[in-house]
Amino acid sequence: MNTSLLIWIILFPLLGGLLNGGFYLYHIKIQKIPELLFAIIGTVFPLLAFVFTLILFLDMNEHGSVYSQHLFMWLDIDKLTIPMQLLGDNLSIFMSLFVTFVGTLIHLYAVAYMKDDEGFGKFFAYFNLFLASMLLLVLADNPIILFIGWEGVGVCSYLLISFYYKTKENVVAGNKAFLVNRVGDLGFLLGVITLFFALNETGISFSSMQENITLASQPLLILSGVLLFIGAMGKSAQIPLYTWLPDAMLGPTPISALIHAATMVTAGVYMVARFHFLYDAIPGVGLFIAYVGAFSALFAAIIATRQTDIKKILAYSTMSQLGYMFIAVGLGLYSSGLFHVFTHAFFKAMLFMGAGGLILAIHHEQDIFELGKQRKKLPIISVTFLIGVIAISGIPPFAGFFSKDAILTGAFSGGHYLIWLIGLFTAFLTAFYMFRLYFILFVAPNEQSKMETHKTPWSIGIPLFVLAIGAVFAGFINLPEVLGGNHNVDTWLAQLNSTPLDLSHAAEYVLIILSIAVAASGIYVAYKRYANYDLSKRETEEGLIYNKFYVDEVYNTIFVKSAQRLSTFFSDVVDNKIIDASLMGLSKGFVAFGRGLTFLQNANVRYYAFYMLIGMSAISYYVYMKLQGV
Amino acid sequence: MTTLLGYGTIAIILFSIGVIGVVARRNIFVMYMSIELMLNAVNLLLVVFSKLHQDMDGQIIAMMIIAIAAAEAAIFLTVMILLFRSKGSLDSDLFIKLKPEINR
Amino acid sequence: MNSILLILPMISVLIGALVLMFMSMYDTFKIRHFITVSVIALVIAVIFSMGNFGDLYSESLFPVILGDRIVFDSYANLFSILLLVGTIFIILVGESYANKKTYLKGEFYSIMLFSLFGMLLLAHANELITAYIAFEIASFSVYIMVGFNSEDGRRVEAMFKYLVLGSFIGVFFLLGTALIYGATGTTNLTEIAEFMQKSQENIALLYIGLTMILFTFLFKIAAFPFQSWVLDVYRGSPVLITAYMASVFKIAIFALFLRLYIQEFSMIHELWEPIFETLTLLTLLIGTWMALNQTVIKSMLAASSIVHTGYLILAFLALGEGGAGSYAIIFYLIAYLLSAIGAFGLVSHIIAQTKVKITYDDFKGLAHERPYLAAMMTIFLLSLAGIPSTIGFMGKFYVFTEAISAGYTLLATLAILATMISIYYYFKLIAMMYFYSSDKEIPLQTFDDKRISTYAIGALGLLTIWGGIGSIVVFFVPIPSIDEILVVTQTAIASLFI
Amino acid sequence: MSADILSFIIFLPAIVAFILMITTKDANTVRNIAFVTTIIIFGLVLKLYLSFDPEAGIQFVTNNVWIEQYGINYYIGVDGFSLTILMLIALLISPAYLLLWEGRTKGYWINMLLVQTGITGALLSLDMVLFYFFWETMLLPIFLIMGMFGTGNKIFSTIKVTVYTIAGSLLMLIAIMYLGTAYYAEFGTWSFAIDSFTQISTLSYDAKLWLFLAFATAFAIKIPLFPFHTWITDTYTNAPTGAVFILSAIMAKLGVYAIVRFLIPIFPEIYSDFSIFFVCIGIFGLIYFGIAALMQNDIKRMFAYASASHLSFITAGVFSLNAYGMSGALYLIIAHAIATGGLFLLIGILHRETGFKTISNLGGIAKQAPIFTVIFAIFLFSNVGLPGTSGFTSELLIIFGLYEFHPVLGYISGLTVLIAASFMLWMFQRAILQDRETDNGKDLPMRDLKIKEILGLIPWVVLIFVMGLYPDYFIDKFEPSVLHYISDILPSGATK
Amino acid sequence: MIDIFFILFAILAIGGAITMITAEEPMYATLGLLISILSVGGFFALLNASFLFMVQIIVYAGAVLTLFLFLLMFLNIKKEDLPHEPKKYMLITLGAVLMIPINMLIFKALSTLPNIDMVLVESDFGTIKALGMQLYTEWLLPFELISVLLLVALIGVIVLAKQKSKKEIKQ
């Protein structure tokens, strides 16, 4: 099999993006182009990428080979050699497979969702670029190339979030996303550099780093591990760098779906998995990651229980699920974590798309209470939404159950009971708030609105349908042994050396039942509370939780406001009042002193003679003294 | 007493008085005459040196200085007339029109 | 070598002066006739001088008649050419000024040539009394030229101040001469130098005499604290004369003093070094302070000439044994000659046509009205400021390099600081010309710029640029290198020791 | 190829300028001829670039006597460093002619041509006096352009910047002369060539330190480094686009170039001993200017700080004593010149069309001028250091270099990733993207770019991406020179 | 005898000079100067410079100072037109103080010379013939130059004065 296929996986979406961008500029500047062209370009190229990935996957499945494609030398200075090289191993193909798959579906979905939007072409251009960057990230052979994709993803998300750039909030949200991500990027970059130098500049590709990991001293490894994880925090919205994610919901819904479900946010998880050799060497940091993940999961779940914006609830739930993934990768359960990434992609994308369909049907309303009030008959959406909600709540046999349970079981078996407990409690909360959402949107009694049927376009329906199938059945791919499965994903990702499970079957059963019970109780509580909720009566919009623990405000005060104040201080006080004023003052003083001296120049000839006499006198005195000895 | 130093002292004193006259007096006429006095002091000194070296050069130089002084007198007197015509006085403190204009 | 040839330049200037004097008796002659005659006389003188230009020689002609009072050497030759060329430029640049100011009648050019005669003599003088007389010829002429328009009170006042102070300080020269005579029994420079070499007797007296002469020198070049007259006199004089005093006269003074100093250098340097050091510093300071605060361009240029004096004293410090560094001074003088004549002459050209007192504000918008003049003024100001690609930079470069080479790094640094500040007041004028639109009420006159003055100014501008660029573009345009000047200078200095 | 090609490149603009000065009065003709001249120069430089052999050291040398007395020569040549920047200058100037709208009089274009001569001359000089000659000469046309075509309190700021920069260069002049005399004292002949100065062995450490500081001050003012930066805000605010473009995109870079070209070979010990100091200043400046840029309301003022911030970073890279940092710095010089230069030109157009340059008054540009916005964004993101653009490669290398220099400083320098992004994006949001907040959101009169302007900018946009995606080609041109500096000139042990 | 003359001349010279710088009226000052100059002439006589003595009396005292007096009368300065000089003596004192270093210096210079007695001797030293011989040989050039100087002064005076007369005609 020709390995040069790898680059085409990236090139197709990139080409699509460039074509769309060019056509879009043509469209707005010179002549209108029908949306169909954009739609075709925008969907066909990702599809091609998916097909290529699939071909590779199948080939790899058959031969078990690893692809590597050297394109050109990107940079070569001194000992720093960074080739532009792509790596198609099991992990990256696994990732790119579902990235392209979900991506294609979302593109399809977007065709209908963005219909008649003036930025249609632009949207697809960004979207394809996003996909290209994501694929570069996934397929990169070394962290620097990975970083190019990593940042490309960031900038595309920036562009997409501030898609409706005319309103301030959107752009502000975009900026926030970009900047918070940049904090993470900083960590990532420094982490890579630290690692590079910690390994005595022996090489920067993942494989050479893995080989040479023993060269490094433990403190430097820990440092680089933590720094890299900061990168992951930013990208994957973990505490404390999560604040951008809820705000990012201001973009068009497909963006949210893509960014938050399948791709961008999981990049952090992927990256940690990529550096598994590093984290294997420093288990302490892994534990730290797991705890951060656990707390993020809990924290996001708590906040989600009180939100009213449908997309924000989904966003917090994403953050919460990401927390699970980090628990997994932190504890060394890489394959479980990636499996959760995989399943999560299906149901979360589906949930977002459902929410998008809902929002579209009810004229861009996002408040769940309002949505509930103005409800229309949307059979496809309500069914798929229910599937998604069940899947995320962890009810078997839906996909979410298997992946989440694998993580919790893993945590328990590793002896990290606190994490396990937090995970369990979060699962309860997840079930609660997801069903709260569902009940309010679809079940709670609704008097005002007539239930007219709203037709769902086919291009929204098909992706939803496909994803729904995934959400229901994807879990079976990695059925645990105890349930008679054969660990397909774990096997595929064997290169990651995930921590094996060390539990008796009985214990596993107990844990499974326990988690189902917890999820069920969450649903029950939600049912009790919201199944018959009076939609005209909003929930109180106060309190710590509703206001997201005031974290945004605290950040704003600590970082933004103080930076602004510092900026004013620097430019107005230090520059103007101290440096410039002292320089100008010095020169002004000099001139003024000269002006003072002009009184000597009083145009009176006697005085002039007098000055001369003084001068001569002084010189004579000097000469006299000097000639004393002669 | 009629030694070199004696004559020298006289010359120095005359010279000093001349200098002081230029510096201290406001009357332009007196100022000019002080300069003449200074020239005379120099002449005296030259003649003394001429005698010292038994060399005529000093005297010749002194004579030339007298001639130069005469030329100087011509110009000086003309200037004084011009000055007197413009202000009606020979007070040097009055001629301060050329005070520099300062950018304040 | 034809010895008559050597003396001819001076003779032709003197004859020119006399011819002009007689011409001035008749009213039929116009200003242009006077200009023509004087320029012809000067050009003839230049041609005669050029005959020996660049040769190394030192001759004492007709010892019976001239009695070794003046000496003809390459040094004097070089300075003669500078003085002659400078005067030619002054006359040509001042053409439009002279045409407008009707009081500059015929005698004016006669007197100017007399003064030039005095200055040429000064460059050749080898004896203190001859030097003094030459000095007085030049000074008297300048006094008269300053007060030429005796109806104008300010001219008379300027003349009076210059006269009083000049005579006052002149007596010190005579006193010094007397003391030197007392010490050595001679006033001949060569003999004094010989005396110094062989005898330590009466050496203190000699030193003191030389110090008295130094006072006069410091006064004439306007070093601190002898600088006060400069602002008043320069401002009170017709701007043409200001140019003359600032450039040509200054060179003549240096011609004499440099000769004196180089010959007596080894002995007197040690004594004078601290004086020069202090004076450099103070002159630079006071000049800078004065220049910063002037509003009238003439005063500003006058004050800045004090700063230039500071650089020249610095160059004196760095002279070195046998006058090794003296070409720095001479080159600087040439640079200053060109730029100062240019700057003052241009001001005169403008004054001639606008009848304003020429403050900074009067220059507003000049670049829009008369771009050519503004460009030329910019060149001269840049040269004065010592910006590269003008001769002023080269001059400064040599002076500072020699100063550093002689070990006066700190002083050179201070001088550079003064240069830095000078940028401000020079560039302010450029800014006035280019950055403001004219705020004059008078409708835009069409000036006649196709006249001798403007061509002369153009020639000066070209010379200024050439001096700064030299042979740098030699592979495009074959022009003589400015190295030539340095070679000639060295020859000149060498001729002092023959 | 004739050895005098460099001289031709240097003096062609000046000669054309002089011919134009006396022949024609029509501004458009002057502009067109000037443009053609720059294109010719670009062609020549391109030819030079392609035929340049990176391994061969200094090439195309011309060494003619200028002032024999002082051993001052017309000594020019090109090596990897200067070639890269020469290419940059040629590449920047011609397209800029298409975008500079201010030049309605012939003086403007003549001055632009003269600036080019000054800049190229300074870049290629290998004799210190010659360098100084061009270094000062290039300031005058800028002075005139700034004063004549500027806005606001232009005269004050023009004189301020002139005095400021000349003050610095005069200090350098003193140092040059001191070195010359030291050489004379040691070898008995005068010479001001750089290679002569490197042989001087008689100077004491203290003297060298002072000289180094004199040079460094001159360059620091030009760059500008903290605390010599106060001229930039006034200047960038009031100066016309062309002047700001030249100042920020080219002249500031020459300051950095001069550090590499002169300070490293002449004072290697001082350079390595005091590098920590300069790296700290650079990093401090990076953060300081970055933060100061945040709250600027005047867009040009903001870019003044932004530019200073980047240049401080570049300086830090230059002093990092290793190949990564130095190559990165050189690369960032190019990247930043293109990006910032482009941004300034675009802001110039924005200012002209809308009449505003304060961020609070701007807004809603994106919807009216999409192509403008796209290109603006590309430059912006290159400035921010987005991977895939030229900015990233260079910043990455500098951070590598600084890390190797000292890990802690490397970490701090990483903040560049964050700082630039914060103020750039905030500005972009308020000034370009979102609707106006003043005047009831009334649209500003803004046109989109014209075809010729787009044509002018396209090469830069392409270059930004090419340099970002395939940097090795460009770096190969100057890497041997960098390695030569690192391994041959610096004392062993300096690079740890 | 000579000593007596010396003392007399000294007293007269210095007294005259002091009168000159202190006198309010220019007329007295001129007379003071005249006395001083005559006394200097006397010194010349004591120093064997007989020709110079003559020149001093005839040219200086006779011609120049008469010119001064003539001028004074011509200008006819009234008493109230004279500058009021309240700080005159203070300034004179100040000037005297400032002169101290210069005087000390010159005195020191003189003291290095052999302090010989300047007795009057009978010889042709200082006579017209001896002087003339040197003047027209060795000092010919300076002597001729002085004529140029006088010519310049002459032209100058004419020029300056002529202007004035023209102005008067206009009036």
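Chains: A, B, C, D and E, in written order; residue numbering restarts at 1 for each.
We take it that contacts are C-beta pairs under 8 Å (C-beta built on N, C-alpha and C of every residue); 3 or more make two chains touch, one makes a residue touch a chain.
Quick caveat, the model's predicted, so the values are computed rather than measured.
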Minimum number of chain-to-chain contact steps, chain C to chain D: 1
Each chain counted as touching chain B and chain C at once: A, E
Two chains sharing the most C-beta contacts: B-E
Chain closest to the assembly centre - both centres taken as Cα means: D
Distance-maximising chain from chain E - centres being C-alpha averages: A
Separation of mean Cα positions, chain E and chain B [Å, integer]: 7
Centroid spacing, where centroids are CA-atom means, of chain B and chain D in whole angstrom: 64
Length of the line joining the C-alpha centres of chain D and chain E, rounded to whole Å: 71
Cα-centroid distance, chain A relative to chain B, in whole angstrom: 96
Residue numbers of chain C (touch at least two other chains): 129, 133, 136, 140, 143-144, 147, 150, 160-161, 164, 168, 175, 179, 182, 204, 208, 211, 231-232, 290, 293, 421
Residue numbers of chain D (touch at least two other chains): none
Interface hub residues of chain E, defined as touching at least two other chains: 95, 98-99, 102, 105-106, 108, 110, 113, 138-139, 142, 146, 149, 152-153, 156, 160, 164
Pairs of chains, among all present, that meet the touch criterion: A-B, A-C, A-D, A-E, B-C, B-E, C-D, C-E
In the complex with chain D, residue positions of chain A that touch it: 25, 28-29, 72-78, 80, 84, 144, 147-152, 155, 158, 162, 165-168, 171-172, 174-175, 178-179, 182-183, 185-186, 189-190, 193-194, 196-197, 563-564, 566-568, 570-571, 574-576, 579-580, 583
Partner chain A, residues of chain C touching it in the complex: 160-161, 164-165, 168-169, 172, 203-204, 207-208, 211, 214-215, 218-219, 224-226, 228-229, 231-232, 271, 274-275, 286, 288-290, 292-293, 421
Residue numbers on chain B that touch chain E, as the complex places them: 1-10, 12-21, 23-27, 29-30, 33-34, 36-37, 40-41, 43-44, 47-48, 50-52, 54, 56-57, 59-60, 62-64, 66-75, 77-82, 84-85, 88-94
Parts of chain A lying in touch with chain C, wherever the complex brings them together: 590-591, 593-595, 597-598, 600-601, 603, 605, 607-609, 611-612, 614-616, 619-620, 622-623, 626-627, 630
Residues of chain A that touch chain E when the two form their complex: 610, 613-614, 616-618, 620-621, 623-624, 627
